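Here the structure is laid out as structure tokens; the discussion comes afterwards.
Chain naming follows the written order as A, B, C and D, and within any one chain the residues start at number 1.
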Amino acid sequence: MKDKICVTVWNEYRHEKRNPKIAEIYPGGIHGAIAKYLSTLPGIEVRTATLDEPEHGLTDEVLKNTDVLIWWGHLHHGEVHDQVINKVHRRILDGMGLIALHSSLGSKIFRRLMGTSCGARWREMDERQRVWVVSPGHPIVEGLGAYFEIPHCEMYGEFFDIPQPDELVFISWYQGGEVFRSGCCFQRGRGKIFYFQPGHETLPIYHQKEVLLVIGNAARWAAPISGLDKVERVSHVPEPIERIIVEE
Amino acid sequence: MKDKICVTVWNEYRHEKRNPKIAEIYPGGIHGAIAKYLSTLPGIEVRTATLDEPEHGLTDEVLKNTDVLIWWGHLHHGEVHDQVINKVHRRILDGMGLIALHSSLGSKIFRRLMGTSCGARWREMDERQRVWVVSPGHPIVEGLGAYFEIPHCEMYGEFFDIPQPDELVFISWYQGGEVFRSGCCFQRGRGKIFYFQPGHETLPIYHQKEVLLVIGNAARWAAPISGLDKVERVSHVPEPIERIIVEE
Amino acid sequence: MKDKICVTVWNEYRHEKRNPKIAEIYPGGIHGAIAKYLSTLPGIEVRTATLDEPEHGLTDEVLKNTDVLIWWGHLHHGEVHDQVINKVHRRILDGMGLIALHSSLGSKIFRRLMGTSCGARWREMDERQRVWVVSPGHPIVEGLGAYFEIPHCEMYGEFFDIPQPDELVFISWYQGGEVFRSGCCFQRGRGKIFYFQPGHETLPIYHQKEVLLVIGNAARWAAPISGLDKVERVSHVPEPIERIIVEE
Amino acid sequence: MKDKICVTVWNEYRHEKRNPKIAEIYPGGIHGAIAKYLSTLPGIEVRTATLDEPEHGLTDEVLKNTDVLIWWGHLHHGEVHDQVINKVHRRILDGMGLIALHSSLGSKIFRRLMGTSCGARWREMDERQRVWVVSPGHPIVEGLGAYFEIPHCEMYGEFFDIPQPDELVFISWYQGGEVFRSGCCFQRGRGKIFYFQPGHETLPIYHQKEVLLVIGNAARWAAPISGLDKVERVSHVPEPIERIIVEE
């Protein structure tokens, strides 16, 4: 594992600028709240990038120096340019980790990686959510107990149209009667992907310590290994065989 | 399960028309050889569709009446229109099965569903391939022994850039020294997908009985169940909760 | 697939004989209620077996003629003889299906197959349970909607100490705040195993139509394929190699 | 993750003492060769334990202080006492990692954890083995290329009767025509398990640098996280519900 993990936190960063209630909860943006926490962790180096920057802040230089990309998309998925998505996608297959937060289930990059609609039920009633650990030995749950609670949440419910996760880490219970696979690990190419449901722009969920703990753990888990740089497509022949003539 | 499974076998159907050697092996096209076999099986109804037909032969009417789509794509993946792919993709998520054969790992529809590059090593030396069963209780291997051999093949080798299959059914051994995950089951949305490596346009692999047996088994396995027609996105609230006012 | 599936429903069949309240709900035993339903399904032939019969009703003859074994164990797991468990275990690895119901998570056979403690939280408060479908294309959910409800249940909650299921089909929501992986598919050897949480001896859950529907679907899904009879342990050498002398 | 990982390398340590050819290759025992390598790695502390020590060297004190147990069993699986296996099993479910090497697929502890026969084909002809990476982003392959070769090996071939691995990392090719899932990750309880096929007592495989690299990587991967100490079996009720009276 690398000594230092370079994390880029990406955010649309629109509603924080337009809606005073959201700005009050996340004065530096959702990306700012997450970056601030991550910068307190040893071995992690953080930067941020946002939709309205040139190339959405995801230049070749930034991507090349990003080990783990954290993504918050919500209302403006369609505005992210396909050429940026193509590069991010390629970089993930080459090893960069991705942490997709909450409404980012609808983002271009997450849907591209999953191959499915990624649709789910949803409801805003500020109800209670209880996030249960179903993989207690997993690095992403280090430091948690059997479950943690989010006092007020936005509900996402099953059926969640994703491929079966390679590792299912969290299942949420909602006061209104639904369940949700809320912590899902996927491997795609050489990259590790973690989808994490908790979060909402009008609720202080990204200030809650368990939620931040999970995001930090996930950043370490998703960091790439060193190794193969590219998959070779045409190979030498490892074993000595002669070309066999097939009689027509 | 449905009483009758409607299978559509799709083929580019180009090289059979241009190359006399290929035409000799597959006079009715690769799709024809597969369709001919399937039509001998009870409970299966077969039709075919090809690239050069209007809408590539995959009209709304055809898709609506297809339970399982078998796909042979090779040199003309890029010519398949995105609007057709979009419909096929949607229909698979809604329950239609897909069997992707050999070079169809590079097809738009398979790559869309996988979310990865689907790249692999490859080599044409007409070498020997031995296909080992690694899931001996799976419906797709019904009727097979511990392995079967393909006397002359085109080699595809690891690393195969796909998501880890939900069920891995076959692993191939090649004379030249490679291995390949050659029978891979995936569930995406409500649809079942089977990737099957054996096949080549200049070799009579789709006349070999074990290969046809597997394709027939896979067609039965991939057939949709009846049930949910659409995933509901916004739900009623199953449990009586009141909206909670969060004080800012 | 076989034309006729032979199902044996096994039950401790003790509390139904001792407790009048249980006898009132299940006058013919829990096994009787399930067998009665299954016998109405085409292509399924049912018999029953119970703890207090010789060899617990699971003689070599019965096992040999059983395609799918349904198991209800509760308070007397320890009384099932190891030699019977050994035979059942061997038969499952050779292809017999197993459906383990509710408290059978603690049975010798289920724990033997899982390799883990199979422990879980539990509570009896006759609360409401809502069983959500998380694999809507799976044969086991055929005929169900997005979820079904059990008005009064015994709660089992996470962490459920099982290996990650090969396919996760149901997740339950409980009124008291827990979640549970309630429908879990496993492949072990050539055998298919389905764990299904719903059920309780003092509640009429095995008279509920959705629960019975699932058990019937699972019986069909778990039925063995024909094929390999035994795994060969020592093989001939498929490829011509000569023994290489390694110089010490 | 813990700062220091305590690894115990366990070996039958019988054939090295009886067979001069084996002693020449592994003068300090197979455990000695592996322990020597691991002791060169930062952050790993190694001890060894063998069959003929009291309690097979696996006392409560040793187990309590072991993060990862590496196991070499071969001809004397049956001599390992069940009470020791029970403790090792419990400790793995509580979080200790296990690396099972080569013939340890037949060991009591591995079979207990898998729940299957763990049988496979095998052959001794000192043939060539090529170990292909099929999960190139996995921490266990860090430092490897697309494959590595073992010049002379003992062959183990499919069908390998294990549960489908949670993550499949290596597939081997053999000169004699077989394939084998040679690097398999499993999660059981809170413990991580890695089965690694390469090895043989009469061949210097545990002196080969790629093999040792993998064992070292696996030790780091399998180390437990801190966290939940025991799974609670009976819970308080997280949500306020009243006991519902069901009218009989």
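Here is the rule we use: a residue touches a chain if its C-beta (ideal position, glycine included) is under 8 Å from a C-beta of that chain, and two chains touch if they have at least 3 such contacts.
Computed from a predicted model, the values in this text were never measured in an experiment.
Across the two candidate interfaces, B-D and A-B, the one carrying more C-beta contacts is A-B.
Between the Cα centres of subunit A and subunit B there is a gap of 29 Å. A separation of 31 Å divides the Cα centre of subunit B from that of subunit C. The centroid of the Cα atoms in subunit B and the matching centroid in subunit D are 36 Å apart. Contacts with at least two other chains are made by residues 130, 133, 135-136, 146, 157, 159, 164, 166-167, 175, 177-178, 187, 189, 228, 231-232, 238-239 of subunit C. The touch graph of the protein chains shown is complete. Across the complex, subunit A is touched by residues 1, 95, 130, 133, 135-139, 141-147, 149, 166-167, 175, 187, 189-192, 224-228, 231-232, 238-239 of subunit D. Residue ranges on subunit C touching subunit D, taken from their complex, read 21, 24, 93, 112-117, 119-123, 125-127, 152, 157, 159, 161, 163-164, 166, 175-178, 186-189, 203, 228, 231-235, 237-239, 241, 243-246, 248. Interface residues of subunit D facing subunit B in the complex, by the touch rule stated above, are 130, 132-136, 146, 157-160, 164, 167-168, 171-174, 177-179, 181.
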